Amino acid sequence: MKIGRETTPKTAISTSNADTIVVRGKDLCQDLIGQTSFTDYFLFLLTGQAADETRRRVLDATLVAIAEHGLVPSVQAARMTYAAAPDALQGAVAAGILGCGSVILGASETAGVLLDDIARQVDDGKSLDAAALETVKTLRAERKPIPGYGHPLHKARDPRVNALFSTAREAGADMRYVEIAEAVEKAIPQVIGKDLKLNVSAAIPAVLLGAGFPVKALKGVPILARTASLIAHMLEESEQPCGFALSYQATQNLDYTGAVPAGYKG
Amino acid sequence: MKIGRETTPKTAISTSNADTIVVRGKDLCQDLIGQTSFTDYFLFLLTGQAADETRRRVLDATLVAIAEHGLVPSVQAARMTYAAAPDALQGAVAAGILGCGSVILGASETAGVLLDDIARQVDDGKSLDAAALETVKTLRAERKPIPGYGHPLHKARDPRVNALFSTAREAGADMRYVEIAEAVEKAIPQVIGKDLKLNVSAAIPAVLLGAGFPVKALKGVPILARTASLIAHMLEESEQPCGFALSYQATQNLDYTGAVPAGYKG
Amino acid sequence: MKIGRETTPKTAISTSNADTIVVRGKDLCQDLIGQTSFTDYFLFLLTGQAADETRRRVLDATLVAIAEHGLVPSVQAARMTYAAAPDALQGAVAAGILGCGSVILGASETAGVLLDDIARQVDDGKSLDAAALETVKTLRAERKPIPGYGHPLHKARDPRVNALFSTAREAGADMRYVEIAEAVEKAIPQVIGKDLKLNVSAAIPAVLLGAGFPVKALKGVPILARTASLIAHMLEESEQPCGFALSYQATQNLDYTGAVPAGYKG
Amino acid sequence: MKIGRETTPKTAISTSNADTIVVRGKDLCQDLIGQTSFTDYFLFLLTGQAADETRRRVLDATLVAIAEHGLVPSVQAARMTYAAAPDALQGAVAAGILGCGSVILGASETAGVLLDDIARQVDDGKSLDAAALETVKTLRAERKPIPGYGHPLHKARDPRVNALFSTAREAGADMRYVEIAEAVEKAIPQVIGKDLKLNVSAAIPAVLLGAGFPVKALKGVPILARTASLIAHMLEESEQPCGFALSYQATQNLDYTGAVPAGYKG
């Protein structure tokens, strides 16, 4: 069935013949395998440009920062899935990735769009503090959350934030988006009436945008990072299972609020 | 509901309090962010051990080798999914990962188990050639494929194989499993009656096992690698869509073999 | 980790002890198995209310209407996934379901919200034609598509539309939302300048809302229906595979628009 | 890329032109919508044959029996996924379906293969009790579980079993596979030394095979049934969320068994 106008598929990422696999214009086997790190290659796949030292260090830092934080919901979902279907590792990893949504992990992208938007307002002549304040006010008026600020556990600044900012500074990245992120953090108590400190999901775009990472690929960073962690958890699950124990614990205090038939004892 | 004996979940990967995130005994923010590459961190998450230069180079090489090979079925499935559901990048990536199964991409793990099994036979005193020959004969008798040998496009040796073997040699990895893999390649024509050359799915475990990578985590390597490539394809799909064009082309020569109602014109 | 305010999970759908499984206040084994159809049970799970003849007939008709339409993109994605990972039927079905998104299949829900919104405008005293016209104008001004109108193959009215409308009429459903849907169809050429006829995705909410189906569960109808079809396709794929043939055909006219290394011949 | 020998995709399920959608030889809009129940249509999609009253009642009963059993692991995984990614209902349902694996829900298929195998032994002249006993002994010797027997909650016979058996009897289904299932139940204590009573996963194939349902489609029954339940849970999750409360409770007694940095207080 013809859906949309385009009928000829096009791609600029890769082609191949029997002897050569071409990726973004390079010969995979001659130019890339053994000569580039996986992090550099991820950037190269995304942009077609070779990474420099600054980009690589910043991207590595963000991938390391967001990969693992214990038995968070997506990891629990994946471990329960693996316990039920241990023959299909790919299914358990997929279940975990499906939890990278707008509420959890997806905030890296929405926070990035926010920072980028403030940057453009400043380019147009507004002061940074005014642009930040107005942006927070608008979100508040629309009853939307401030993506990348506040954390259920880390009430002071999420400790990953400073680690990322230091890395970016040392790596020589443009610190402009970090300054924007901090201006938003400063504006929040004036509008919301309480502190919501920077968390890792705003810090990731703050450092990546300063290293030239494309805004539209930001959501891929937590997805790729979390995949590494999910694989490690599935390896542990295969050796020391806890998927069913998690689901058992989860319902120990379950409150059934529906009706029961006459004579039923819970 | 209590399923299985265990009711208390256990993990050795990560714990945290409000100030510190612990991963495998290290402080994530003090010891890891900005100081370790994503590839090293993947190994560390899996094993709790720091990577050395040999391991890192070999693991990087395998991740780069298997990430991208054009519009293979899993990438097509993901691009079609993204075209239908562009709001959920995670869903499109998950659909692509679900195609890392026993037939495609999953062969890295089954090939690794095969090489490991031959290694143990050699440890028990059998000659390498005899062990390889017998293993191929057994698979043949059971009408099973030889995982990691033969490729639909690369009829001579998959070009990624030599690139991986060279990298492993230069990085100082133990070449034992490479020798085993080549012994199997040599045995195949004697049993099958035709050449099935080493492909990337046998080369990956051959070099990784020689660098101390855990057998049980082998299937994670193509899954993690492919995730990077899927994200790049979804970025391209968002800018230059081809998911629906692929599905249109796919059915241009579709043969409908069922019945039709009276008077129906196809 | 505590995310959000609520720490005690609650549900009103089901509870059980060693002898009895309670669903929505009924004893599953005494009151439901053998006494209710799957379609009725789906409604009962969603709403806690028993289906009447009208609701059942309308819901059955919509599930039958949307389940199957040949090798559409989500079915292709699922068949490619099954071909690559035949051991995990659940993964292939999941891949297919992931293609029920905002562009494909998800329109049932957005169209339902649209019809519901017009109904409320009419309740507030506006004429049906004015409310329909204004709604189409607003969508047009926001450069949004009209969900549930136009079809890549069925340029005249999608044939499923009349079949659903007749069934609803015969089953005694409230035809109010059907009239709204037709008012929108009439308004479209005045605003857009060309006919975009009703398709199945607007007809489904038009008949379901008139049978008391909850708006918020509308997206579940194509998902459940498509699952039945995906299972049938996976059974066929296991007996007469075409997943890889589809991916082969899809790239026969692929246009590689990227660079190649010196000397590369495609 | 050409994978496998076949390059022309074939299907016998559906074709269409601008006016007519053909499914299994029928005109969807003339012959099926409004005239067939969803359960009948599922059978028709799978087999191309119209359901009779016996088949429909038995299939309805099994779909109703297996759809819902409270906050089981797959439902928890789906609710956590929905809480994290509420914009993508299809992703949450997919995550739940991914938990229909070899350990949970998938047993319907493996139990069906078992019953079918015993039936063939009886056809070949063995007594039912001997065939059942031998089959259990073989599984025991291979240290495999007996699929469809024993249940974590329902230690006496799973109450769904008798409900399904009564329905099959009343519907006039062939009770042969029910007798086989009961022969296995009788053999188990002689081999295992303890009672493992029939559970729903053996009862489903026992009644379905007696109603002519194809063995190879058995795994689709719990997948389709569970999809209906998952949609109901996601509707509840959207109105009264508990996904994050489940993940909070799940880790209240989590035992971290790894190392911590000097000075870390948990």
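Structural remarks
As written, the chain order gives the labels A, B, C and D, with residue 1 at the start of each chain.
Methods note: contacts are C-beta pairs under 8 Å (C-beta built on N, C-alpha and C of every residue); 3 or more make two chains touch, one makes a residue touch a chain.
The structure presented is a predicted model; accordingly, all values stated were derived computationally and were not measured.
Pairs B-C and C-D differ in how many C-beta pairs touch across them, and the larger number is found at C-D.
Residue-numbered contact pairs of A-B overlap by over half with those of C-D, the repeat interface among C-D, A-C or A-D. Chain centre most remote from that of chain D: A (centre = mean of CA atoms). Chain B and chain C have Cα centroids lying 35 Å from one another. Work out the mean CA point of chain B and of chain D, and you get 29 Å between them. Annotation: 23 Å between the Cα-based centres of chain C and chain D.
Multi-chain contact residues of chain B, defined as those touching 2 or more other chains: 1-4, 8-15, 17, 20, 30, 69-73, 83, 85, 87-88, 90-91, 94-95, 98-101, 104, 106, 153, 244, 246-247, 249-251, 253-254.
Partner chain D is touched in their complex by these residues of chain B: 1-4, 8-15, 17, 20, 22, 24-27, 30-31, 48, 69-70, 72-73, 85, 87-88, 90-91, 94, 104, 152-153, 250-251, 253-261, 264-266.
Residues of chain D touching chain A in their complex: 70-74, 76-78, 80-81, 83-88, 91-92, 94-95, 98-106, 243-244, 246-247, 249-254. Chain D meets chain C in the complex at residues 1-4, 6-21, 23, 28-30, 32-34, 36-39, 41-42, 45-46, 57, 59-61, 63-65, 67-71, 83, 88-91, 93-95, 97-101, 106, 153-156, 159-160, 162-164, 166-167, 170, 214, 216-217, 219-220, 223-225, 227-229, 231-236, 238-242, 244-249, 251.
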